[in-house]
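Read from first to last, the chains carry the letters A, B, C, D, E and F; within each, the first residue is number 1.
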Amino acid sequence: DFMDALNEVTPAFGVAKEELEMVIQNGIIHYDHTIDEILRSGQLFVDQVRTSTRTPLVSLLLHGPPGSGKTALAATITRSSDYPFMKLVSPDDMVGFSEGQKVQSISKVFSDSYKSPLSVIVVDNIERLLDFTPIGPRFSNAVLQTLMVLLAKRPPKGRRLFIIATTSLRPILTDLGLSESFDSEIRVPPLSSLAALENVVNEVELIPKPSELQRTMQMLEQAGFGAQDDTGLNIGIKKLLSVIEMARQEPEAVGERLVTSLMGL
Amino acid sequence: DFMDALNEVTPAFGVAKEELEMVIQNGIIHYDHTIDEILRSGQLFVDQVRTSTRTPLVSLLLHGPPGSGKTALAATITRSSDYPFMKLVSPDDMVGFSEGQKVQSISKVFSDSYKSPLSVIVVDNIERLLDFTPIGPRFSNAVLQTLMVLLAKRPPKGRRLFIIATTSLRPILTDLGLSESFDSEIRVPPLSSLAALENVVNEVELIPKPSELQRTMQMLEQAGFGAQDDTGLNIGIKKLLSVIEMARQEPEAVGERLVTSLMGL
Amino acid sequence: DFMDALNEVTPAFGVAKEELEMVIQNGIIHYDHTIDEILRSGQLFVDQVRTSTRTPLVSLLLHGPPGSGKTALAATITRSSDYPFMKLVSPDDMVGFSEGQKVQSISKVFSDSYKSPLSVIVVDNIERLLDFTPIGPRFSNAVLQTLMVLLAKRPPKGRRLFIIATTSLRPILTDLGLSESFDSEIRVPPLSSLAALENVVNEVELIPKPSELQRTMQMLEQAGFGAQDDTGLNIGIKKLLSVIEMARQEPEAVGERLVTSLMGL
Amino acid sequence: DFMDALNEVTPAFGVAKEELEMVIQNGIIHYDHTIDEILRSGQLFVDQVRTSTRTPLVSLLLHGPPGSGKTALAATITRSSDYPFMKLVSPDDMVGFSEGQKVQSISKVFSDSYKSPLSVIVVDNIERLLDFTPIGPRFSNAVLQTLMVLLAKRPPKGRRLFIIATTSLRPILTDLGLSESFDSEIRVPPLSSLAALENVVNEVELIPKPSELQRTMQMLEQAGFGAQDDTGLNIGIKKLLSVIEMARQEPEAVGERLVTSLMGL
Amino acid sequence: DFMDALNEVTPAFGVAKEELEMVIQNGIIHYDHTIDEILRSGQLFVDQVRTSTRTPLVSLLLHGPPGSGKTALAATITRSSDYPFMKLVSPDDMVGFSEGQKVQSISKVFSDSYKSPLSVIVVDNIERLLDFTPIGPRFSNAVLQTLMVLLAKRPPKGRRLFIIATTSLRPILTDLGLSESFDSEIRVPPLSSLAALENVVNEVELIPKPSELQRTMQMLEQAGFGAQDDTGLNIGIKKLLSVIEMARQEPEAVGERLVTSLMGL
Amino acid sequence: DFMDALNEVTPAFGVAKEELEMVIQNGIIHYDHTIDEILRSGQLFVDQVRTSTRTPLVSLLLHGPPGSGKTALAATITRSSDYPFMKLVSPDDMVGFSEGQKVQSISKVFSDSYKSPLSVIVVDNIERLLDFTPIGPRFSNAVLQTLMVLLAKRPPKGRRLFIIATTSLRPILTDLGLSESFDSEIRVPPLSSLAALENVVNEVELIPKPSELQRTMQMLEQAGFGAQDDTGLNIGIKKLLSVIEMARQEPEAVGERLVTSLMGL
């Protein structure tokens, strides 16, 4: 009945447009050249899978600190591929699943993909798919083994598959022997320059008045966020957007609030 | 049948007023400015969730020593939000539940919340929801993973959710990798000044006679409870109220009994 | 069917007089003032629960070495409360129960108690309820979590509950994080003075002849049992009564046998 | 069906004469005064249980090296009690039982005993009942907890129970917290003197010719078996009887073979 | 039903030609003399099994770094044997299988082979069949024990079996006590000379223009890949073919891209 | 149904001649006097069980390095006993069995044996029956406990049982507490002299020409295989026979091949 349910809910062949939209709800802000580079690299892989016959399977790992934008970027690359099969494998859709149900659910997406000549699968948030916890450590070995096999299993003749996986715990994948399974890796860094931050603030129109903005940037400079080393700015785009919204709550002192929040992290 | 039972018992959409009342039975005594500050911060989050469209999910962690008043404060903030969906996720209602039942029960509250435009969920006493015990340590990884996913999962379009969680074991959450899941944290401290204690004693009318009260306060001062450091007063409001009731049992020597009890802790 | 069985066997509302009698079969011998103090403290708690409205839940831990009389004293306090609901939660009644059955059985007693305006529950021999063994250590986390929740869960409005728990492994409770769950603790010490022992011997009429008794007491004194430190007498009342019965087997040399047995421990 | 099977096989009230005979098949050889002392002590306990009303439950632990005769002695004491209920709880009858079946089977014997005014239960080979293995260590905690409760549980009013348990792993019982459960302990030593050995050899008529026997004893003396310390004779009666039978295989050189075998151990 | 399914899907007696083709899709490039030697050794074993009556069971382990070509070589040896029974035991076909299902599936292939006079079984990727993960480490002991028994179990009279197993984790097999189970071992090395690499590049016609090729080889030489020690070339054929395809994506700078990719590994 | 299957397949009372033949397919080569001694000792035990009434149960452990011939020798001793009940308990027949099925299967063989006046049971390859793996270590405690009980359990009156067990992991048995369960032990050594090897080579007619044989022996001598210490010959008969068959594949250079193979081990 679980399998029945799965079959009913998920069309065996198709495109999960809505789910992809969902995770890019706040859009992609091109605050930095790294964003463009990541998207271009993604495009190159999309092309290779489409054209080369000798590499019918290509896998890419996006890793970076929590909230750096991995899921949104993976979804953006996927959407732009416009392959006939595009699917998101996400822990969000597996709350309360048993190990076995997770394994079935993941491997169903892969079998479905084998029916399409061209497919992209986003395997999002590997550590959550694995039910990973650092105490122990504990994780689902069944899911791990499933991923290891599926990441290496060639699609049938005439089918090509591009896999994009994301994780915030890159080192763990090495411990688990999972990192060798990827053909390539790209790091998604946090924002680390005030220029990037300013781009974001402008994009979301937090401080429309230029003088006010300048004052705020100076405060951030003085607070030490301009340093190019570890002590400088270091925040994921997701958290930054959240901090910005809190600051927006106090319209009369947006700049101060922003600075205080960033210092409190 | 378990799911049937759940469906019958809990209206899928609604407000758990009674349960909220239940945990604030003894009221909130404003013995200190920190109480007001905590409540005001809570109100700010309530407002942000109501107004900001870019942060449809905000999560707050209330932590502090056992009996410091976390649950009562979380319930108070929740009640004052007056959102159409307000629910308490509490281990009290899950006695004898299996891991799977806990996961189902917790995730049902979240799915229900996704049907309301505005929701607050109090995730009370995380360590008990996790069946945490320091020996091992042991805990339910299934519940942990469920919480990690649900604390990060965006509600569907047009829905907004405010999550308040409480714990007495703040450091454990870091070990479990759970503390990064929260947007903000507030510490609920124990009472640490004689002034605060006097406020409580007055509020509950333990020692109505002023001279008697003054004598008691002097005894406490002499017993060293006035110290501003670790050696001074350090007691949760819950325990204090319990000690006060014991003292009340011996009407002829209330003050002495109070001092002795506090010293015996 | 297990629940059916439970429902048939245990009246949901009532008094377990027989079971209470059973554990005090040998009576309470007032060999020492500590016995009276423990019973008086117990009475004070019984009164507090009856009268104070702000503390509808009071929990007390009786701890002390094996056989020091914890269960008999808990039952005596309970019986003298004369509350409409008095129940003993004992491992003796759960031989062969699975973890789940123990949890159900324990939580049923608590739910039943919530139906009575005034209730006492004796949670006897916590370490056995927990299936605790020092190797590992191993224990039932399900039972532990159930106890932690039930010891802190307020009865519904208008209901009041007094919980008396017993244990021979007090330090373990701290390791398990269980000791913070109690409002108060009382230690039940072993017999440690020859005067106390003489009181017991008299009470059970082991050596009716005064000269004989005096000679026995001198032998014990000489054997070093009179010392006030660790090397002196140190025996639980339960074991002492057992040793006395063995001695009684040899009527011609009761005193000698008693002394030898005590020395052999 | 397992419970049905149990009910059919074991009469709820009765005497397991055959099983007792079985374990004493080779008889008791009084090779030493310790044997008589053990049997006499056993008799004293049998009398106490029969007569004293204050100690309706007495438990005794027989411990000693493998094959020292514990089971045979326990059965002998039991048989001589002539109580209306005498039963052997033995791992031999539980091959392939699950943990739960062991627990049920053990606790059934105890419930049955509660129906008889006077009962003896031999709990044989505790380490095997516990499925104990030193690697880990591993053992059945369910069986352990069952034994701990049943060894301390008073039989109902008017019923008296004598429990004799045996083990070759005395120190393990302490680690498991099980040794405190016994009222008394008796050590069953291995044979450690040549005189004792000679008694056995005579009893089983291994070397009928006196000169031959004398020569054999001299050989043993020379081989160092006469030493009173650790280097001397140290063998359980069970193994000794086995070695004797092997020697009997070579009638022409019985003495030599016996000496060689003992040296080879 | 699982067994039914298995029976339907896999003919009990036969040849898995297609599966063998599948894993050699990209062919075997004879880039080096080691490839020929491995294939010749394999042929010798094939002959021995066919002719010798005293060794009806021969097992061979192919081990080497990930992607060095083990599976393709095992399949090539198998195909060239032309035995009536040739089968691939591969984790690719066991995604989502339980431990028990894996054991059943593996042992079915062996029982089937016992029906053929001559059989080859490829046990591919032992570490994945074992669900091995280095954390813990964890693995399926049930599968391990099954393999240990089946690798040593003689086929019935008149049947002969050749087993080829592959692994990338040779040292683990020793830890698991599995390496003693093999009659012979062959290492499949990575490419380690520029001559071998040039052979591959020629074979797949990556750089048809000789001058261009020469330039590329010089760049590789200068990049240090010509070193005979650990710092030189060290890449599995599988990865090399993948890198070559990526380079092919940029036709104008194939050589540069190849060199960069190899340096980035 | 599992029990049904067992009952059908295995006649409850009988002789497993074929299985015994199977494991001695290659015969016993008397390459050394130790072989004769082992067989003679075995015969002595067979006689003792047949004649002595006081030792109705005798157990013997054959241990030695992998492939030293333990199983073949156990089967040979068994077959020559000609007892009415002779059975092989072998992991080969339990592939894919659960712990419970193994326990049932093993204990069924023992119960069956109790119906015959004289029985031999070969418990082959204890480490595989136990599913032993050194990592952890892990093993089936259920099977271990079953073996410990069955190795010590007396057959019913009038029945006699001889148990021969084999293992390549003698030290593990001590760790598991299993080695005390045996009445006797015999070591089955590997071949360690060139004379023994020459006997085998002659027996299987590998090098019929005397001059050729002599030359080969000289090569082995020069290769250092004649050393009497650890550096000399050390190979199990099973492996030696396998190496011999490989050498036979190259008729023109049998001697060289043999020497090379032995050096390569």
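Everything that follows uses one rule, which is that contacts are C-beta pairs under 8 Å (C-beta built on N, C-alpha and C of every residue); 3 or more make two chains touch, one makes a residue touch a chain.
All values derive from a computational prediction rather than experimental measurement.
Engineer: Counting one step for each move to a touching chain, how far apart are chain D and chain E?
Structural biologist: Between chain D and chain E, the shortest chain-hopping route counts 2.
Engineer: Over the chains that touch one another, what is the least number of steps taking chain B to chain F?
Structural biologist: 3
Engineer: If you list every residue number at the chain D and chain F contact, are more than half found on both copies (same) or fewer than half (different)?
Structural biologist: Result for this pair: different.
Engineer: With centres defined by CA atoms only, which chain is the most remote from chain D?
Structural biologist: Of all chains, A has its centre farthest from that of chain D.
Engineer: Taking each chain's centre as the mean of its Cα atoms, which chain lies farthest from chain F?
Structural biologist: B
Engineer: What's the distance between the Cα centroids of chain A and chain D, rounded to whole Å?
Structural biologist: Centre-to-centre distance between chain A and chain D: 68 Å.
Engineer: Between chain A and chain B, what is the gap in Å from one C-alpha centre to the other?
Structural biologist: 34
Engineer: For chain C and chain F, what's the span in angstrom between their mean Cα positions?
Structural biologist: 59
Engineer: Check each residue of chain F and list the ones that touch at least two other chains.
Structural biologist: Nothing qualifies.
Engineer: For the protein chains shown, what form does their contact graph take: line, ring, star, complete or other?
Structural biologist: Basically the chains close up into a ring.
Engineer: Output the ring sequence of chains, start chain E, direction chain F.
Structural biologist: E, F, D, C, B, A
Engineer: Given the complex with chain D, which residues does chain C contribute to the contact?
Structural biologist: Those in contact with chain D are residues 22, 25-26, 66, 91-92, 94-96, 98, 128, 131, 133-135, 138, 204, 241-242, 244-246, 248-249.
Engineer: Any idea which chain A residues touch chain E in the complex?
Structural biologist: 44, 47-48, 51-52, 54-55, 58, 100, 103-104, 107, 110, 137, 139, 141-142, 144-146, 148-150, 153-154, 157, 175-177, 180, 183
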